Amino acid sequence: MRRILLASLAPISAIVFSLIVASIALMLVGRSPITAFGAMWDFARTSTSVASMINRAVPLYISAVAVAVGFQMGLFNIGVEGQYLLAALFAGWVGGNIVLWAPLHIAVILAVAIIVGMTWSGIAGALKVTRGVHEVISTIMLNFIGFSVIAFLLLNYFKDPNGSSLNLATPPLPPSGQLPNLNWLFGALGFSEPRGIDLHGFAVFAIVVGVFYYLLVWRTRFGYELRASGINPGAARMAGVDPNRMIMNTMLISGGVAGLVGLAAVFGNLQSYTQDFPRNLGFNGIAVALLGRNHPVGMALGALLFGFMDRSALILDLKDTPKEVVTIMQGVVVLAVVIAYEVVNRFIERLEIRSAAEATREAVEGAAA
Amino acid sequence: MRTRFMRKGVYVALMLAFALVAAACGGGTNETTTSTAATGGTETTTTTTAAPGASTTTTTEPAGMPGEGVKVGMAYDIGGRGDKSFNDSAAAGLDRAKEEFGIEVQELEPTAGGENREENLRLLAEGGFDPIFAIGFAFAEGVDRVAQDFPDTTFAIVDSVVEQPNVLSLVFAEHEGSALVGAAAALKSQTGTIGFIGGVNIGLINKFEAGYRFGAEYVKPDIEILSTYLTEPPDFSGFNDPAKGKEAALAMFEQGADVVYHAAGGSGTGLFQAAKEFTEQGGSKVWGIGVDSDQYNTVDPELRDYVMTSMLKRVDVAVYTTIKNFVEEVPQDPITVFDVKADGVGYSTSGGFVDDIVPQLEELKQKIIDGMVTVPDTLE
Amino acid sequence: MTDMRTEIETSSAPAWAANRWMRLAALIIGGVLLLAVVQSVSDTSELTTSGTWAAALRLSVPIMLAGLGGMFSERSGIVNIGLEGMMIAGTWFGAWAGWSYGPWQGVLLGVAGGAVFGLIHAIATVTFAVDHIVSGVAINILAAGSMRFLSVVTYTPESGGGATQSPGIKSQIATFDVPVISDFFNWLEAKRIFFVSDASGIIAGLTSNLSWLTVIGLAIVPLSWWVLWRTAWGLRLRSCGENPYAAESLGVPVLRMKYYGVVISGALAGLGGAYLVVVQAGIYREGMTAGRGFLGLAAMIFGNWNPVGTMVGSTLFGYADALRLRQNEAVHALLLAVAIVLVLLAVWSAIRRRYTPAIFEGIFGVLFFTWYITTDSVPSQVVAATPYLVTLLVLAIATQRLRMPAADGLRYRKGEAV
Amino acid sequence: MTEPRDAVELEGITKTFPGVVANDDVDLTVREGEIHAIVGENGAGKSTLMKILYGMQSPDDGVIRIRGDVVHFRSPKDAIARGIGMVHQHFMLADNLTVLENLVLGSEPRRGPALDFESARTRIVELGSLYGMPLDPDELVETLTVGERQRVEILKVLYRGADILILDEPTAVLVPQEVDELFKNLRRLKDEGVTILFISHKLEEVLAIADSITVMRQGRTVATVSPADVDVHQLAELMVGSELPTPETTESTVTDVVELSVVGLGSRNEDGRWDIEDITFDIHRGEVVGVAGVEGNGQSALVDTLLGVRRADAGSISLAGSDITEASTRDRRGAGVGIIPADRHRQGLLLPAPLWENAMLGHQWLVPYAKGPWVDKKGARDRTAEIIDRFGVIAPGPDVPAVALSGGNQQKLIVGREMIAEPSLLVAAHPTRGIDVGAQADVWDEIRNARRAGLAVLLISADLEELLGLSDTLYVIFRGRFVAQLDPRTVTPDELGAYMTGVGVSR
């Protein structure tokens, strides 16, 4: 029990710390933090807000999972950003140009997104395996290159010829490619349905991704080898884990998952890839992965926390409070949480070694007796 | 930390915490539901009046003004107030209406990425604001949806057409205004070369370039026109990169252009700085042309001498007129095109730099108004 | 180019040095000649004009400063991908002080703003041994968010300012022409003599209308080389990036040195941001750094963690950008230049009996030539991606030659030597 | 002033780490100008004691006196100021810096803020010739040989004016000729008045060089003796507290069946140089083939190539008659190759992971650890409990992290997980390195038992006694080649040493 408390200390203290920083920022500009946070809390408690929160959390969560897969073996996929944008472009384009039996149509869109994401991350993987190029650098470069590729394709080949020239977009998804919303869930649970905002059906896929991630990492041999490679590449190699293949597979899986991030918007409110497609989900996904310590449930909580902050921040403008304070909170919480984990970890490690050593001593004495 | 059971423990603890939170949420939601039923409309438990004293932009003028009781909401696009561009222009119209009619206003700005545009509209609608302005074409889909959910609220969208009974579409003929400044550029050019700087290579900005080219070539068929876009979508930094704007402008000046027009939002400041720098460093006198608002009035005073004219896009007029009509209960057309004819676009004469060519410009203007000349709104 | 740079690192006999400078000179002359040839063959004018090179210089300085910043950090063993965030802080504080007091105050505060975020990075990575990449990502998020917050509370009430933009700064930093040289070469450039005028254009571009801040920025290149490779302090800093435990065992205060490295890193990135505001833009605009921090990182890697190399890398990026902003045909002409370089490389490799690279270089040379012949312009998106593609190619081709500090990115805790 | 002062006095030094007492009330006195050896097994607390003396760690209790003055070192800087210098077992050098830079780091001669390269260069050349250790100050350290690097380390200390020199296992990485050279240098240093503390567990060397010897055992000083008064056996007894265990095997169990056959094996490194070349040997079932050699002569390349962790660029490997030259590591392990890696922390264990995850490492696809593509957690835990039980691993249970175990128990876990899989070939690299005597004996027993059951073993070790005692056949590896095949029953240490240092090759 003491250990549980110790371990939850890190995220909780990080959140508290970020609240304090945000409060100071607010007080410095002469606003009352209590009023502000109170307003946020009240505002977030409507079905509409909950739906919005979840909609925001879904792509963040998937993005976090994509990053976390890499983290498990010490690979940094900073390229989720480029991978999901590129994947969403292709998925939106393919999805908008075909009409199929609905489940098949959706499957095709998913497949395209996954394959494109994999392709883009695969380049980074291949560069690392064959040329030893560090994936952090190559994925940063690939992000920028990806933006250019998107611009080129969207402008020249992928834009909807019937669409507005003001905001270039791929053709909208035909009905067979659309996912139903989940608003009935609120009714089924006895709450009022959200107004104006749909709880996007794509949320289901986030859960699928989470389950997939959990099973993959903690229940399969592949996941075991993945974690082993992350903890000790040398030992994993001696144990018959081919590091190159592992790097490649991990990058591919990470990129495949990353490919799904943008579908939250494609299947959600946009119904196509548009020129002003949501950005920065890749980087915020890293933050969520850190917050949730790469754990499937932890990251879900982290994503929901970010969703909550983003949604409830909206009310601040109506309270004449700069809602940007929330972005500060997000930055601080990420930094604070990694520091807190580091500190708590060291503490726990020491405790653990000591208690194991004690247990060992007891075992020895027991054997001697 | 590293052992499994401990990790689990952490998450169990956190899950418990969140479960409590969720329970609290649930309670709140249920209460809201009942209150929704009672008030028969808005669901949100918070309104702008919930925190007295916390609000400074929401002000109510003394009684007796015609607009008393009218609550106008305005959702800006990225950049918001102070962008020296169309958001500012819209704000100016709003300020004027507030002054004259004593309306209550609420302004919202989107996040840096602009993901919450629709939610801002919805917040305003739920807060009982009517009419609600959406500044920018990016709001189109959001307005379309929110308008259906709030059929009794009037929405107005700038720069896009949304076909809903309760939506007023306020669109501008930027190409017509650009044609006028294009003509001005060509007429004033000594070198026979002029330039255009676009922020981001997108359709909206192409429209400016198309009009500009047309106007210039209309008055001087052999004019040479240089054109540069600072970035390609999805990289929208071209609207926010004055450094690149300045370099692009310098290049044009060095290549012989002496008048350059920009449609590059915040990067445009760089144009006027480049003009000043180039002129002062012994080059001949060169000019910049502003966009959207009368930039003679918005740039730093020392740059004024380089703002030859500005293509005016009277978002302020559109906003003001729409509010005025609303307050006075004058019926409005679903689509209002603010073109040269309606004086929704035009050119500015501040500084008096174009006074000598006003007759020619007015002549072109009249031809456009009369339909004798049709300005293209796309390149090619 | 890579070995040239590695040689700079090792102090060596004068004969070597002479040879090195000769090769550098040969390279520069060859490069100018190439540009001159390409320019006369293709229908362009901007490849070697003074305007292009002046623009390239201004565009490359912020990238270079970020890159030099990254170098200080990584030489002390701390990976810094938070450069972008530190640069953002530099732009905001530079503009704020520039608007409130004046341009030089803007520079100072911009440097301080960057240094503050450098300090945060140092606290996280050095004191708390947090993963460097993680902290860098967090810094980027934090900097963007807090600068927007500051804008909202500071600029919104001001005329000309807003949530995304500051009012203009008070005045500009003075500019000057290098006496005689600038005039002479400007005169020579105008003569339109093949090669001579091309070379003159480049020299004139680099000596005319210089901002004092540009001069300061450029001076930091030799200065940082001298500091890192010629002073005791620099040796200590580098030793922390190569083997912190060895440094620790000799009484070098490793943690403090790392703090210095990272804070200087932030300060230089902040200076880069301030340069953007004070010299180039005159205002703060949200998002105005536009990835220049990341470009700086790329330039640093391209430059093999060396100041001169970093400068070469950022000049390359700045030049590509300047060309794109000035004349699209010029960018197209560069295809021809690339093709020629590749073919020459192929011939060189063939002479040295390295046939596999020769074949590849030859094939790519022909491909670039075909591209040049069959098209009239390069899609601007391709140009925008060029710096990143080049960096990726350099990384892929020259990995063995690149040498990052041996302990760069590793977590270090005092007293944990094996 | 005729009476030599004591250079170093340690009194009642105590240092505990979580769960371990590294130094327990240690006393040590070192006279001015002598070579004082400190001997003890791995883990006896020698290194910790020296780190305390050098200011890298601070003692929990006790007094340090340098030439009579009580001192409190907070960092090596303080120790350096007192004239103490330390040469670490793992060299503390930055490869990408020059000899000069490595030498002057931390106490640079300056001209203003600039480093005065000229005077540094002069000083280094001077020092080098004074102590007979010439070095080119402008060479990059990465290009130096091991012996040269050690010289850099020693000069580094002398450069700082140290007159108390701590050498931590200086001979571990040297070939005998280099050891001779080192000892010559040390005597010269002593003549110049330098006090030397010499840490070792090689008793012959200690007897050859030291003026006095302090023996440590389990964190305590057991005795201080003069080399004239003791012989190797007495010293060894002091060190371990009992007779050294002999790994000697009694009867041969070698069969006629060839399990592993290696022909002409070679492997190149990234620079294209052959790390191992033209290696040919067989191992029969029930046979232990030993490989002797000074470290760094291709042993790790040999192990890696056999395991398939690195490519074979020449030659072939066959296991039980089938060619596995191109097989993946995973296939080789599946075919019955077990491995006790040289460095258990880097190559053998997942330290923060629980024991059961460590036990399945290298066997993760096999029942009972896996069921198809899934991990069988219950099966793995049960099997781990079995290993703990059968191989005498002292651990609370299969769920504790491996990091919590002592070195010996970690090693027993590795041996256990390999043995329980019943391999047909065991590659054992330094199987008893750094573990206590009891565990050492257990590991030897395991190898002997498995050999009796028909296991083929490739034993690579730096411990000659272990090699001679366990091997049926002995090869010597030198510069990547097998330079001799010897009979461990008849070979003399001199002969072996000659081959190991390459002297024997020319004969």
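Letters A, B, C and D mark the chains as written, and numbering starts fresh at 1 in each.
Definition applied: a residue touches a chain if its C-beta (ideal position, glycine included) is under 8 Å from a C-beta of that chain, and two chains touch if they have at least 3 such contacts.
No experiment lies behind these values; they were computed from the predicted model shown.
Distance from subunit A peaks, on a Cα-centroid basis, for D. The interface with the greater number of C-beta contacts, when C-D is set against B-C, is B-C. Once the centre of each chain is set as its mean CA position, subunit B and subunit D turn out to be 72 Å apart. Centres computed as Cα averages put subunit A at a distance of 45 Å from subunit D.
Centre-to-centre separation of subunit B and subunit C, using mean CA positions: 35 Å.
Touching two or more other chains at once are residues 147-148, 151-152, 155, 327, 349, 352 of subunit A. Residue positions 144, 148, 163, 291, 381, 384 of subunit C are each in touch with at least two other chains. Shown for subunit D are the residues that touch two or more other chains, namely 352-353, 401. Against subunit A, in their complex, subunit B makes its touches with residues 1-3, 6-7, 9-15, 18, 24-26, 28-30, 32-33, 36, 43-46, 48, 50-51, 54-58, 106-109, 111-116, 118-120, 122-123, 126-127, 137-138, 140-141, 145-146, 149, 159-160, 201-204, 206-207, 232-236, 378. Partner subunit D is touched in their complex by these residues of subunit C: 10-12, 226, 230-236, 238-239, 242-243, 245-252, 400, 403, 405-406, 415, 417-418. Every residue of subunit D that touches subunit A in the complex is listed here, in rising order: 18-20, 307, 309, 328-334, 339, 341, 343, 346-353, 357, 360-365, 370, 373-375, 394-396, 400-401, 403-406, 409. By the touch criterion given at the top, residues 79, 81, 120, 124, 128-131, 133-135, 137-146, 148-149, 152-153, 163, 291, 294, 297-298, 301, 379, 381-382, 384-385, 387-389, 391-392, 395-397, 399 of subunit C touch subunit A in their complex.
Against subunit B, in their complex, subunit A makes its touches with residues 1, 3-5, 7-8, 11, 31-32, 35, 39, 42-48, 50, 52, 85, 147-148, 150-152, 154-155, 164-168, 189-192, 195-197, 269-270, 275-280, 293, 295, 297-298, 301, 304, 310-311, 314-315, 317-321, 323, 327, 341, 344-345, 348-349, 352.
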